[in-house]
Structures are given as C-alpha cells and as structure tokens.
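In what follows, chain A forms one complex with chain B and a second complex with chain C.
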Partner chain A sequence: MATMLEMMKSNVEKNVSEALKKAQDVQGKLNAVVTFVDPTEQLENYNKNGLMAGVPIVLKDNVCTKGIETTASSGILQGYVPIYNAHIVDRLQAEGAIVIAKSSMDELAMGGTNKTAYTGPVHNPYDLDRISGGSSGGSAALVAAGVVPFAIGSDTGDSVRKPASFCGICGVKPTYGRISRYGIIPYSSSLDHVGYFTRSVRDAAVALEVLAGRDDRDMTSSFEPVPHYLDQVKGNLKGKKLAILKNVVDVIENKEILDCFNKVVEEVKKQGAEVKEVELNEDLMKAMLPTYYLIANCEATANHSNLDGIRFGLQKEAKSCEDVMIASRTEGFGSLIKKRFVIGSYGLFEENQDKLFRKAQKVRRLIVEELKNALDGLDGILAPASGTVAPKIEDQNQDDLSDSYLVAENHMVLGNFSGYPSATIPMGEVGGLPIGLNITCHPFDEGNMFDILRGIELITGLEDKIKEVL
Partner chain B sequence: MKDEAYFKQLAHQLMFELSDEEAADIKKEFETLNKQLELLENVNTEGVEEMVYPFETPTSFLREDCVENVVSVEDALKNVHKSRARHVLVPKVVK
Partner chain C sequence: MEYEVIIGIEIHCELKTKTKMFSSAPTSFGKTANSCVNEIDLGHPGTMPCVNKTAVEYAIMACTALHLDIDPLVKFDRKNYYYSDLPKGFQITQQFHPIGRNGYVDIEVNGEEKRIRVNRLHMEEDTAKQFHTNSGTMIDYNRAGTPLIEIVSEPDIRNGKEAAAYVEALRSMLYYLGVSDVKMEEGSMRCDVNVSIRPKGQVEFNTKTEIKNLNSISNVQKAIDYEVERQKEIYENGGTVIQETRRFDEESKTTVSMRKKEGNVDYKFFPEPNIFPIQLDLNWVKKIQESIPEMPKVRKQRYIEQYGLSEYDANVLVQTKELSEFFEEVLQHTSHIKMAANWIIGDFTAAMVKSGCSLSENPVKAEYLATLLNMIQDKEISGKQGKEVFEEVFKGKDPKQVVADKGMKQNSDAGALLEMITQVLDEQPQSIQDYANGKDRAVGFLVGQVMKKSKGQANPAMTNQLIVQELKKRIG
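Here is the complex of A and B:
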C-alpha cells in the first residue's frame, strides 16, 4: 500500500482488490469495518482521469450511501438503506474513488473511544489492546493499518483529529462550511464537520480539493472558491509565524510527549519559522468541555428525534405508535446515547435554557473571540493533539475535573467552536505508540495549513507510515 | 439532587426507557456535570450574544421556484417496515 498519489500511478484493479482483501483479513483483529462494499460495479465506470482515480477508500458509517446499509454504528439504524448518496460520496466517485467499506464509529458519532459501536470496539493497529480513538475510529485504524490511503470521518469535538493522533496518521477537519454535510447523519449541527484521514499531507491537500465546495442542499456550505491546494504545499517553513498553545503544554503530564513536541518545534524554528507562545484565558479553557457537552447534547437530542422506529431502521412490534417508538428507541440506543439525550433534553427545558444551553452558546462566543485574538498576526497555533497515547480498551476516562483532562484532552474542540481549520499529523512515538501534533489556522486558509504541515512532515519523516497487523 | 425516578421520567418523555443501572449512571454523571457547570458559571457573559453558528455569513436564500431533489413515494417507503396503499402502516391510532 502507498500514498494516494503514488497509488494512482499503478494497477487500479489490483490495488482495489488487495485493499478489500486486506480489510477482510484484518477485520478479526481491528473490528474496524461495519459493511464491506463490492467494488465490481464501481471499477467498471470510475473516472480514470479524476483526482482520486482508482483509489480505494473507506467511508465512516454515518455517511449515507445509496443502496448500502448505513447504521452510524447504532442499533436503531440497523437495516437502514439510504435512497440517496451524501454529497461527498458523489464528489469522491466523480473523481474516481472506489468505496470498499463502511467503517465503525462511536454510536451516532457521540464518543471519543469507538467503544460504543453496536458492533463492538475498534482496536488500535499499534496495540490491539488499545482504542483507536473515536468517534471515527474505524476509518483511522484502516488508514493506519495500510488498508486504504484515504478514509472519511466526521469531527464534532475532535473525532478525526484525536484518532489520527492515536493511530499515527493525518486527520483533517477543514473550515466549517468547506465541505457539504448533506447526507451525513447529524450529531450537533453547529459543530459537525466532515473530516478525513490520509497518511500524507500532500494526499490531504488533494482530497480537500475533491471534497470542498458549495452544495445548495447544505445551506451552511460555503461559496468560497476551492483552490488547487496541492500547488500551495511546498513545505517551506521559512517566515511562517506560529505559536505554541501554552495552556495545553503546561498541563500535559507525560514528559515524553512534551519532549517530542519540543524537539519538533525546535526543528521548525531551525527551518526559519518564528515560534512564540500564546496563552488563552484559563477560565475559558476550563469551560470548554461543559460548553461543548451542553451544546452538542442539546443539539443531538433534537436532531435524533427522527429516529423513531417508524420510517426507517429498527422497529419493535407494539400495540400503539407511541409504544413502537418507545420500544424501538429503548432497544436501539446504547446507554451512553440515552445519557446524552437526557442531559441534552435537561439543558433545553425552558427553566434551564438560559443558565445552561444559552449560557454555553455565550461562552462559546467568548472562547472563539479569544482564539481569534490569539491567532491575529499568526499563520497557525500548535499543540500536542493529546496528553496521552491511546488508552487501553478497559481503561476508564481520566479524572473528569482535572486540568489535564479539561484542557489537554479537549482543546481541539476550539476548531469546532470557531469553525477554524485544524489538523493532526504524527510527530513521533512514545513506548511504540504514536502521538500527534495539532495545528489550528485561519478560516479557509487550508492551503497554508497544509504547507506548514508538509514542512513538519519533512522534519519528522513520518509520511506514509503503516502499522501492519497481520 | 435529582433521583433515579426523575431521570426515568425524563427519558420516558424522550420516548425511551432507562434500566435501573442506566438511571443510576445518569444520576452519577449529573454530579460530575454539575461540578463542570460551575466552570461555566465562572465566566461572565453579561452583554454577550449567543453564538449559534461559527460564522455570521447568511445561510438562507431565495431560490428559483422550481421542483428539485424530489423523493418519490416508492423511495420514501423503501425503509418502512409496513406500508399499504402508498402509506406508512402503523398500529391503529384512533380506538
């Protein structure tokens, strides 16, 4: 398996067939696939001159695919076969990509572990006892294991960028509105982004050109023109103005992760970039998680009221319409989803809205203004993507109120609050497990973001790194 | 402090039931959540407008008055468990 750009030069049918076989072979170890897709028909008609001609790809299972079961890894959507494609599926196929599988995810994209999929947890290729991260964990594991060079994810809090860190690959969340979300099963509409994984920054630049652009069926998609991003990816760091997010670095307890990050930053400086420190208001940083939790859960409980067991998905027999809905939703949703819906509904009660949901929306504005001010005069802000390596599957969350959890493990939600583009690339390993570096840039400045990341990729030498699991 | 029965009732309004274990887990989660919400309350938001979307760019427009993106009845019924006479069939509502 090679990068996407390299693969396009070689035998397409062989590549696709090998990718599908490998996906099937590693399934017993990774459990990353929900549905395998027969590529025969696609291979007869694909665009041989497209930007992703003949590239085998994987889609997260919250991406609607016409005629192919789409469950979002939830029991409530078992048996649901969409009658239309998501916008991005049409875009990818128009450029010649070949879909070989739908990947596992945290149920309805709510979670950061990929342990809540109704098909069971996804395993990290670097250590099968560890999580791949979530919610786009199946896609991340399949790219890291060298099954495909590209996979779609979605990112509402850090659901592409955190698994990218845990699996040692590139994870991109572009600017809000850059990619249409038509046909993506929603979680939290004001925070949801389509994102994706690759093993090289240059592949990431090509992929965004394929995916980006206005789509009238998603009213939040942007009219901003889509450039030829790859032209901007030179990897020259000279003159780039960067900053380290001090709040994150200060609370990370893992010294090896900090050492690795600092070494990369020193090299970035040697390449001619100016690197300073920025520090955001501490109270706002600590308020990120509850702000996210409230907005996301309040929006989710409203978005998922259509999962009623009547029109699609799981249906339980009962004597009345109401009982059908209650029985279907009771059996179809996992415990974590129910918990999030209860919290979201609580936040939306008339008597709670001002002090909870609306308060969170106001704090969100303050956080975004703080980030915008910090980015002023800079090209991007850098931080370790996580303060830890991938946790063990049986591990529980860290202390939910510690600074290291509140700040270091949740800072990437800044990109979702603000809609600013943000991406993670591998920066090294600790104890044989990958760790990632995250960058956040100005809206619609992805070309510059890829250029900086390419410079860092040339320093680390971690392009196209694959962890074989067979 | 809300008890398990409160959360079971709330869940029922959301059209699902909670097991005893799930209700107890949510009660525990609320204790953590309430502590985290104190962090939210620490932030002075006087005079601050709610942020509903990341950008202030308009998201609704008048379009040409022409039919597009139509879902046929046949397609709409493809995922329905039971249908009759081009309608979704559900248990009798009026008794």
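Here is the complex of A and C:
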C-alpha cells in the first residue's frame, strides 16, 4: 500500500485487485464493508489523466450509488438501489477513482461508535476488541488497515474526525458548502458535511480539489472557486498563528495524550509558529452536546420521514398505506434511531419549539460567535481530537454529563455548528493505540489548514501509517 | 333571527412552469402515470430541493396583480406529516415568511364594487395523486412537486355570490398573467371555503366549517348557499355547528361531512435547512412587475374609454383572455374597432360555438379577419358577400383569395359601370320616362338590371349614383 499520490504512478489493475482482495481478506476481522463493488466496468473506462486516476476508493454507505445497493447501515434501506449517483461519486469517477466497496457506518450516521450498524460493529485495526469510532467507522478502518488510500465519510458532529483519531489517519471535514451533499443520505442538513479519510495531508489536499465545487443540485454548495490546494501545502510552520483550545486540554484526564499533544505543540513552536491559548465560554462549551442533539435530532426526524416503506427499501405488508408505514418503520429502524426521532419530534412540537429547537438554534449562534472571535487573528485552533484512545466495543457509553465527556469528547462539533473547516491527523500512540490532533480554521481556508497540518505531519512523521490486520 | 355570513377562501393554484418547484422533472397534466418524476419527486434518500426561479417569478407576478407586499427575502419551511401522497414526509412551503402579504382583489356583485382583502400568498409544492381501488391504493407521482401558490383571503366575503365573484376574479387574473391554467375541473385551481354564520351584531366568530371538492365556480356558490342554510337551521333548532371538513356533493347539491377536526394538527413547522434564505434582486422584481400583462379589469375600462365600446361588449371581450387577445390582434390590422368588436362578438363567436372548437384552436387568422373587415368597409365587397366570405375565412382561408376565386369582387370601376349603365338605359327607355315623371322607383329597377348584367359584381352604391347621374343627363 501507498498513498494516493504514490499509487497513481503504478499498475492500476494490480492496485485495484489487491485492494479488493485485501478488503475481502480483512472483512472477517474488521466487518467494515457493507457491499463489495465489482470494479471491472470502472476499470474499462476510467479517466487515466484524472487527479485520482486508478485509485481504489471506498464510499460510506450513505453515499448514493446508481445501481449499487445503498443502505446507510439501516434495516429500513435493505434492498434500496439508488437510481442516481451522489454528486461526489460523479466527481470522483470523473477524476479516475475506482470504487471497490461501500463501508459500514452507524445506522443513518447517527452515532459515534459504529456499533449501531445494521451489519454489526466495525473493529479497529489496531485492536479488534475496540471500536473504530463512528459514524464513518467502516471507511476509517479500511484506510487505516491499508485497504485503500482514500475513503469518503460524512461528518455531522465529528463522524469523520473522531474515527480518524481512533484509527490513526487523516480525517477532513471542509467548510460547509465546499462539497455538495447531493446524494448523501442526510442526518441533519444544517450540520452534515461530506468528509473523507486519507493517510497523508498531501493526499487530502488533492482529494479536496476533486470533491469541492458548486453543484446546482445542492443550493447550499458554495460558488467559491476551488484552488489547486496541493500548491499551498509546503509544511512550513514559520509565522503561522495558532492557539490551543484551553477548555479541552484542561479537562482531559489521560496524561499520556496530553504529553503527546504538548510535545507536538512544542515542536510546532520550535518550527517558528506562534502558539497561544484561547478559552471559550465554559457554559457554552458545556451546552454544545445538548444543543447538537436537539438540532440534529429535530432535523433528522424530518429528514428520515421519507423512509416509510412505500416507494423503496424495506416494505412490510399491511392493510393500508398508513399501516405499511407504521410496520416498516417499526421493524426497519434500530432502537437508538427511534429514541432520536422521539427527541426530535418532541423538540419540534409547537409548544416546545421556543424552549427547545429555537433555543438550540440561538445557542448555536452564540457558540459560533464565540469561536469566530477566538479565531480572530489566528490561522487555526488546535486541540487533541479526543481525550481517550478508541474505547472497547463492549464498553457502555461513558458518563454523559462529566466535564471531560461534555467538552473533550464533543468539542469538534464546533466545526459543524460553524461550518468552519476542521481536520484530524495522527499525533502519536498511547499504549499502541493511535491518538489524533484536531485543527479548526477559517471558512474556505483549507489550503492554509493543509499547509499547517503538513508541517505537523513532518514533525510526527506519521504519513502513510498502516496497521496491517493479520 | 338575522345572521351575518362570514366566508374566507383558500385557493391553491398550480403554476404553469416547465419544471417542478424543487426539481428539474417536467410538470405534466394527463401524462402516463409516474412518467414525469425523478429521484427528488419520489423523495429518495439524499435528494435536495432546488428552487425553481420561474415559479418565484410567477408568484411575484401574482402578488403584483393582487397588490400584495412582496417579502424580498424568500424563505421556505417544512410542514411535517406522514401521508402516502407526500413522498418526503414533509411538504416544503412558506409558513413563516410568505412571499406576499396584505393585498386585495376588487370584485363586482350586482353592479357594486367590493374590496376583498387578501391575507397572504405563498409558494409550496403539490402532493402525489392517489387512486383508491379495490385491489389497493395506486399512487401517481407526476403531480408531486408541482409548484403551487396558495392565496388566502381575509374573511371579508358575505355570501355565495361574492365568493363566486372573488374566485372568478382571481381565476381570470391568474389566467391573464399566464401563470396557471386555472382549470378547476382538472384541479389546477382548487378552492377551499371556510363558512360560519353569526347573529347580526355579534362580534366574535362562530365555529366554521371548511368545504372542499369544489370543482367549479358555480359549485362554490351552490355549496355556500347550502351550507349557510344548513348552519342557520342548526342554530334555529338550538344546536351547535361543529368544526369539520365537508365536501360538496354534486348530485344532491349538498355538503356532506368528510372528517371532524380533532384539535389542530401540529405540523412541526421549521425552516427548510437545505434552502438558505434567498435575497431577491429588486431590479429583477421590478422588471417582472413592469412586464405583467394588462389585467382584465383595466383592459375592460380601456375598451370603454379608448375604443368607445359599450360596457356589455367590453365585458364579453375581456371575459376570456384568448378572445380579447384575438380582438387586440385583429386591431393590429384594421382601424375599424367597433366593427371588429361586433364581428368577433357576433359572427365569429357564433361560428366558434357552432364548430365546437375552443378559442385555443381558433382557425381564423386575425389578419384575415381584419382584411375582410377592411374589404367590406372599403366597399370592395358587400356586407352580404362578407358573410359568405367569412365562412371560408373560418376555414383558415385568405379573404382576398376567396373573393378572387369566387369572382366576387365588386366592380367599382366607374368606366366599366358606365358602359353597362349606358347599355341598360338604351334598353329601358320606359324607365327613363318613368324617372322623368318623378317615379324614383325606376332607379331601383335600373340598378337591378345593371347588377344582373354584372353578375352581381357591380358596386351597388356606385351604380346607384352613376345611374342617377346618367338619367339626369338624358332627361336634360
């Protein structure tokens, strides 16, 4: 295995068939693939001069693929074969990428563990007893295991950046509107982002050039021109103005993670970057999780009202249309999803909207304002992506109300609230398990973000790090 | 007891755009079921709405005609409910910020003008069409996503006649604007009427009922008339009207209960996150407003004032957009305005009725009709010949050609006429004598003789004049 950029110099057929074979070989251990895709036809007619010519890739299973089953790891979408391609599928294929598999995810992207997938949990290549993180856990595991050098994910809370941390790879969530969401089965439209995984920052820069750009079918996609990002990726940290997010560092209990982070930061300073500390309002930081849940669940309950068993996916037989809907939805959704729908519905009731949904929107605006002020005069804000390594699969959810959980495990939702670009790259290992560093930058400043991350990648030396699964 | 009737009307109107409100699939009427749909109309996962600019343009036109204030920030909301005709499980509408607010429509009932206030106009998308059969429910998604405007009146309407006039006025305006087919019988214009009555002098409103399934303007009036009587009877018998949705039954001409309203449904409205608020370019809005066609009321006034037509004739002409447009087109080619109006209201309309074709299939070229009128007016042919020629013009023929083919053209050549007149006078010395003796009838006889000689082509007026002139010469 190699990075995308290296791979493009070698034999495409061999690369693709090796990737497919490896994906099949590790499937029993990782359980990361939902559907394998036969690449034969794609190989016959791919763009040999594309930016991703011949690169085998994986798509999260909430990316609609024409003629290929797309389930979003939910029972209710069993047998659903889209009649159209998501915008990014067309973009990737136009640049020569070869899709070899659709990857597992938390059901409908709602979750951070990948344990709620209809096909069961995904295992972390570094320790098969641990989660790969979620909701884009299948994609993360496949990139980390060296199956493919690139995989699509989606990020509504931190669903790309958290699994990237747990699996020791690069996870990018660009600016809201940078990549079209047309054809991505949604979770929460105002928070959803298309994101992706690579094993190198330079690959990430190339991939964004492929994926970004206006799509008239997504009215929220931006007209901002797409630069040649790779040109900006020099890795020179001199003069970069950075800050550490104090709220997060202060509540992380794992000393080894802090030590690792601090060491990287020291080196960043040595390379000539200015690094200070910023602190956001503590109450707002603690309000992030409930705010996120409300907005996301309210939007999700509406977004998934189309999954009614009438036109596609799982359909239970019943006497009337209404009964078909009730029976299909009752059987098709997992219990966590139903819980979220109940919360979302409750938050949208007319009598509750003021104190729940609309209040959450107001708090979201306050949080974004706070972040915007903090970023003023800076190139980016740094923090450990998580206060822990990947938890064990059998671990129950942590204490949801502890400061360390509320803040350290949820701070990356700042990037979703604001739509600002944010990415995670590996910064080291603790007990043989990867840990990640996160950065959040100004809107549409991805080029600069990649430049900083490349500098850090050169410090850690963690480029193209693969964990072979034997 | 005397009651006051309170009526408010909600009208849903399909916009005549080429594509749907939020998708690029074609709009359709009467096409094969489910042939005009794409993944968006079917509510497939991952699809997103994209606002149809023409629909917004049409909504702005309608707002302008209805004197509504236009909100320059266009926003959409989701209305959430589960129903098998609603593919996404929500309808995209404009709950919180309708594009138009606070306008009015002037109606005329029994010769009196009345202003009906319009509360709002908003854009939304239509649902699919369902057919319940013995073997199950069939769903046709062609209609799903068709752009709609909903126009909500204030409760200013007081009886069935006013209601009918209001719906007719709206129908006619929207049709003139060209934004909708407004065919109530085909459902491209749908009308829901809210009716309540209260004792004269009472300030608060009583319970209202909503009447649906009104597929013609006359049914609007009939349904209201019936419903008012029904409610009166209930109150007179000491009962109470319950809030419910009723349906007009064509056969019995009554309203029958469809469903009780069990409290208000909570549609959990919230802003559509996939459509950012759209700031309208005010120059664009202005351009649209300036380009809207003349409304029927204005046009009628112009016909009376500028063309000097009678109110009756003006009314008949503006009743249908096509008829008045045909009239306008004819006027492009002739200056005989009143004659054109008479012919269009008279012979033309009669021929149309007789042939059974609709105005959209009008076989007569406006230019040809105008030519025919000019030929009559210029005495190239007689009025009687004109009617004969019109029969051919109605088949799409050029009147000049018809006249030539039939050899009908009046002979207005003075030299040729004189030659024939001299011949006739030579043959009829008795008539000259009669004329000399003061018998004017002789002229008529002589004209008849000339006509005979000319095979009916002599210009009668000219012939008459020339005969008198020659007679005078001869009797010296």
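FYI, the second predicted complex is superposed on the first by the 470 of 470 C-alpha atoms of A that agree within 3 Å, B and C clash if a C-alpha of one lies under 4 Å from a C-alpha of the other, contacts with A are read in each partner's own complex, and residues count from 1 in each chain.
Here is the rule we use: contacts are C-beta pairs under 8 Å (C-beta built on N, C-alpha and C of every residue); 3 or more make two chains touch, one makes a residue touch a chain.
This one's a predicted model, so the numbers in the text were calculated from it and none came from an experiment.
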Touched partner set for A:176, first chain B, second chain C, both or neither: first
Chain B versus chain C as contact partner of A:368, first or second or both or neither: first
Which superposed partner A:227 touches (first chain B, second chain C, both, neither): neither
Partner chain(s) touched by A:235 [first = chain B, second = chain C, both, neither]: neither
First (chain B), second (chain C), both or neither touched by A:333: first
Which superposed partner A:310 touches (first chain B, second chain C, both, neither): both
Which superposed partner A:219 touches (first chain B, second chain C, both, neither): both
Superposition-derived comparison: chain B or chain C, residues of chain A touched: B
Partner chain in contact with A:185 - chain B first, chain C second, else both or neither: second
Contacts of A:353 with chain B and chain C, given as first, second, both or neither: second
Residues of chain A contacting chain B in one complex and chain C in the other: 80, 83-84, 190, 216-217, 219-220, 301, 308, 310-312, 320-322, 324-325, 345
Parts of chain A lying in touch with chain C, wherever the complex brings them together: 62-64, 70, 72, 77, 80, 82-84, 86, 181-186, 188-190, 216-220, 298-299, 301-302, 304-308, 310-312, 320-322, 324-325, 345, 348-350, 353, 357
Of all residues in chain A, those that touch chain B in their complex: 79-81, 83-84, 176-177, 190, 216-217, 219-220, 222, 283-284, 286-287, 289-291, 293-294, 301, 308, 310-313, 315, 318-326, 329-330, 333, 335, 338-339, 341-343, 345-346, 355-356, 358-366, 368, 400-401, 406, 417-420, 443
Complex contacts: residues of chain B adjacent to chain A: 7, 10-18, 21-22, 25-26, 29-30, 32-33, 35-37, 39-43, 45, 48-55, 57, 59-61, 63, 69, 71, 75-76, 78-81, 88, 90-91, 93
Residue ranges of chain C in contact with chain A within the complex: 38-39, 42-51, 78, 80, 82, 84, 87-90, 137, 139, 266, 268-270, 273-276
